[in-house]
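Input: structures, listed below.
There are two complexes below, and they share subunit A, which is joined by subunit B in the first and by subunit C in the second.
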Partner chain A sequence: MSSTWRSEITAVLGKELRSEIRSKSGIVTNIVFGLVTVVTVSLSTYNQQIDKDIAASLLWVIILFASILSLPRVFLLEEEQNTADLLRLMGRPEAIFWGKALFNLIQILVTALIISFLFFGFTHSPLTVPWLYVVSLFGGCASLAGTVTLCGALVSRSTNRSTLAGVIAIPLLLFLVEMGVSGMRVAIGPFETDLVLGGGIRAGIGLVAYAVMTFAVGPPLYAQVWKS
Partner chain B sequence: MVSVSEAILEGVLQVEKLGKRYGSRWLFRDLTFDLGIGDRLIVLGQNGAGKSTLLKIVAGLLPPSSGRARFEGDPRTTLGMATLDMSLYPALTVREHLEFSGRLRSCPDRSDELLERIGLQDASELATSQISTGMRARVKLAMAIQANPTILVLDEPGAGLDEKGRQLVAEIVKEQAQRGCLLLATNDPLERRLGTHELDLAL
Partner chain C sequence: MNKALRYLFALIVGMVVVWSFLLPDAKGFAYPEFARVFFWHFPCPILGTVFLGLTCWFSFVYLKTKDLKWDIRAEAANDLTFMFWILTMLSGIIFSELQWGIWWQWDPRQTSFLLVLLVYSAMMAFRMSLADETRRAANTAAFVLASAAPILFLIYIFPYLPQIKASSFHPTGSIMEGKIRGAYAYAIILTLTITSILSAKAYKMRVQIGLIEFALDNSDGQLEIPRIDPAPTAVVRPILLSDED
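This part shows the complex of A and B:
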């Protein structure tokens, strides 16, 4: 990557980080949502061991909803606050996509880590394969960030943006959530070598591949939307 | 004015049979003009005549319904634009806007020079949500001229500006005449005097 591209991408990333640190709108919404849902789950299952399948699904649903509350907004906000034209005049679409996707990745990783600590702290679920959990979490967050950034970018210039972003995101996210749940189910269930080497590793590789695909496809696709 | 071939060679603006239609209503159609170095075109017309729309099409922010506007070079550095309806990032400071704009366009950092130019050195660390509308208009002007563009597009640049701000606009317009061409949409009689040519969209 040339220094010009790097400078442009980090300029967008820096702008997003500064805006978020000063306004704290996205991350606070995510964490409050995560805290409320984790506390609710832990209260409703007080003194009971949550089944690994349900625990993995719950964890993913919490991370998914926390992220789709705020992530598509990085593009939609530009339109709503009338800064989109400023960006179109000054930037290259690929650099803008990368900058915003990286910001989304940082935001969702921070959210997911905090939710994980809260979840394991409140529900006392066991973590039997930590490395698989980390791979699933990182791969899942990267896929989620790439997908949601792409959906936000694709609908940014249309009317009914928020509704449309959700409609486009659902089929893309279903597959991703399924892989995420599979990986985490193995990571937090009783240790079984066959399960780890089979479904666990397959889910981890699938999530990482999905993330690579969304980050590779996103910039050229957004550049086409930008031109039209 | 210069001829078409010269204009393209010099990196200035060529507009050919340009038209914009919303539904069945044409805002304007068949607009054809070339702008060379030193040309300053004032775009006139009542509200809704399509002044801002024309400027946005030239800048590539809106697609035309017919015809085309073209110029040579990277649009990010060849064309600078400041409009009334374009907002700044409320959480970023004045200086951060100039730095951000410079880095996105990959041009050298001129933040200090531009801050002095627009008279906002003392407000450089204030967020743009904390400064006045006139000051925000100056920041937009500074961002528009940051890359020394060949084509400068200004939409009602004097709106909300005090006397000093209007002088700044006049100075920037004069400098632009040395560097390239200017498109300025206005209904202000004083700003109208800054042009070398006029285009009335009401006609």
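This part shows the complex of A and C:
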């Protein structure tokens, strides 16, 4: 019986979600990481109102490093648990990539939302354009999920893979951070002119466009390397 | 290139270098005599982009054919791309110090090139971490193709965004707007031509070395002594050594 794309992607996504619900290691690690870093930021800026540019930068740095810590695991674990070969026999590479990237998107979105609540709660930074914040956060998280999933897949059979995943992913994501900060600095803090708002909207659109590109380019590239 | 042509080329290179120093100083620079750094700064990003395009194409062909010779070509082009990015950065830093009085000032152009260099450094680290040559070729090719869009964005889109352009010291569009004319324009064309010929030669040599290494690796099994008749036909007998010796 030939399976459809949808059923294969859903199967991989379901498998990842079930594994995560059983172990809870990924999301718990991310939440604790977010809590520790937000508390560290709050302590280091104790009794001071954080500037909106600094707040947006700090928030993005926390989300970036949370994603680097957790997202490559989806492929690295398969190699460590010796289940990668079975996975290669079971499905099409594109479907496996999509399933794992979607799981990573859910994971980083949940993490980013929790980090955001903690961040705004601890630092008392105002949120003036919530919809732009949501667009920037979603676009940024989708871009992170697509890029880090691909990097995790590429390094999964190399030496020193956990560190290497971060080493190759961060340079690809630095300009994304710049766009994310541009969008969020408009969403956080006092309302600016329409010109500044326009810049923030462009950054948000750029993040979503990059996310679409990573999800489109990732599967065919992964298909070329998954059996090498 | 035969010997006479090589000597002629070396002579032309020398003449162009000397001529570039004899040109009158450019106006509007803090140190006009050092504005000549531009002659050698300008070709670097152009050639870096050309070799980046070649790297992407060879990587794409490798992924389609799985022929390691394409990986050798991609690696050679990638090495030259990295070299040209580094030269762009170094010549830019020197110009920054001479013109604006500071080696590094987080100018958007400098910063975007720094990010490109970080991507390339990561690529080198990644390539070195893969021991198996087939896996190394495939995974590096995939990484090259995945990083092409961010690199092109950082070099050719990010610096030209209106808010970035306004905050940068780096001049943009000087050539397209016809601000560089006369002898300076000819000098730039000549340095670009010279650098292009040199880099094409370097690329060809790098590929030749890679192909020779590849051929040697593949001929390892054939270099062994034939084992059809390994032992001599005569029987070797033990001999008695005299105690007097």
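Throughout what follows, the second predicted complex is superposed on the first by the 220 of 228 C-alpha atoms of A that agree within 3 Å, B and C clash if a C-alpha of one lies under 4 Å from a C-alpha of the other, contacts with A are read in each partner's own complex, and residues count from 1 in each chain.
Convention: a residue touches a chain if its C-beta (ideal position, glycine included) is under 8 Å from a C-beta of that chain, and two chains touch if they have at least 3 such contacts.
From a predicted model like this one, the values you see are computed outputs, not experimental measurements.
Engineer: Classify the contacts of A:L64 with the two partner chains as first (subunit B alone), second (subunit C alone), both, or neither.
Structural biologist: neither
Engineer: Tell me which partner A:T4 touches in the superposition: subunit B (first), subunit C (second), both or neither.
Structural biologist: A:T4: touches subunit B, not subunit C.
Engineer: Now for A:A95: first (subunit B), second (subunit C), both, or neither, which partner does it touch?
Structural biologist: In the superposed model, A:A95 contacts subunit B only, not subunit C.
Engineer: Give one of first, second, both or neither to describe whether A:V155 is in contact with subunit B, with subunit C, with both, or with none.
Structural biologist: second
Engineer: May I ask you to decide whether A:L174 touches subunit B, subunit C, both, or neither, giving the answer as first, second, both or neither?
Structural biologist: After superposing on A, A:L174 lies in contact with subunit C but is clear of subunit B.
Engineer: Using the touch definition from the top, say if A:V186 reaches subunit B (first), subunit C (second), both or neither.
Structural biologist: neither
Engineer: Do any residues of subunit A touch both subunit B and subunit C, and if so, which are they?
Structural biologist: Comparing the two interfaces on subunit A, one with subunit B and one with subunit C, the shared residues are 228.
Engineer: Please output the residues of subunit C touching subunit A within their complex, sorted ascending.
Structural biologist: 63, 112, 115, 118-119, 121-123, 125-126, 129-131, 134-135, 137-139, 141-143, 145-147, 149-150, 153-154, 158, 163
Engineer: Hey, which residues of subunit B end up touching subunit A in the complex?
Structural biologist: Of all residues in subunit B, those touching subunit A are 56, 59-61, 63, 75-76, 79-81, 83, 85-92, 96, 99-101, 103-106, 127, 143.
Engineer: Within the complex, which stretch of subunit A touches subunit C?
Structural biologist: Checking each residue of subunit A against subunit C gives 147, 150, 154-155, 157-160, 164, 167-168, 170-172, 174-175, 178, 199, 213, 217-218, 221-222, 224-225, 228.
Engineer: Going by the contact rule at the top, pick out the subunit A residues touching subunit B in the complex.
Structural biologist: Result: residues 4, 7-8, 10-12, 14-15, 18-19, 22-23, 81-83, 85-92, 95, 228 of subunit A touch subunit B.
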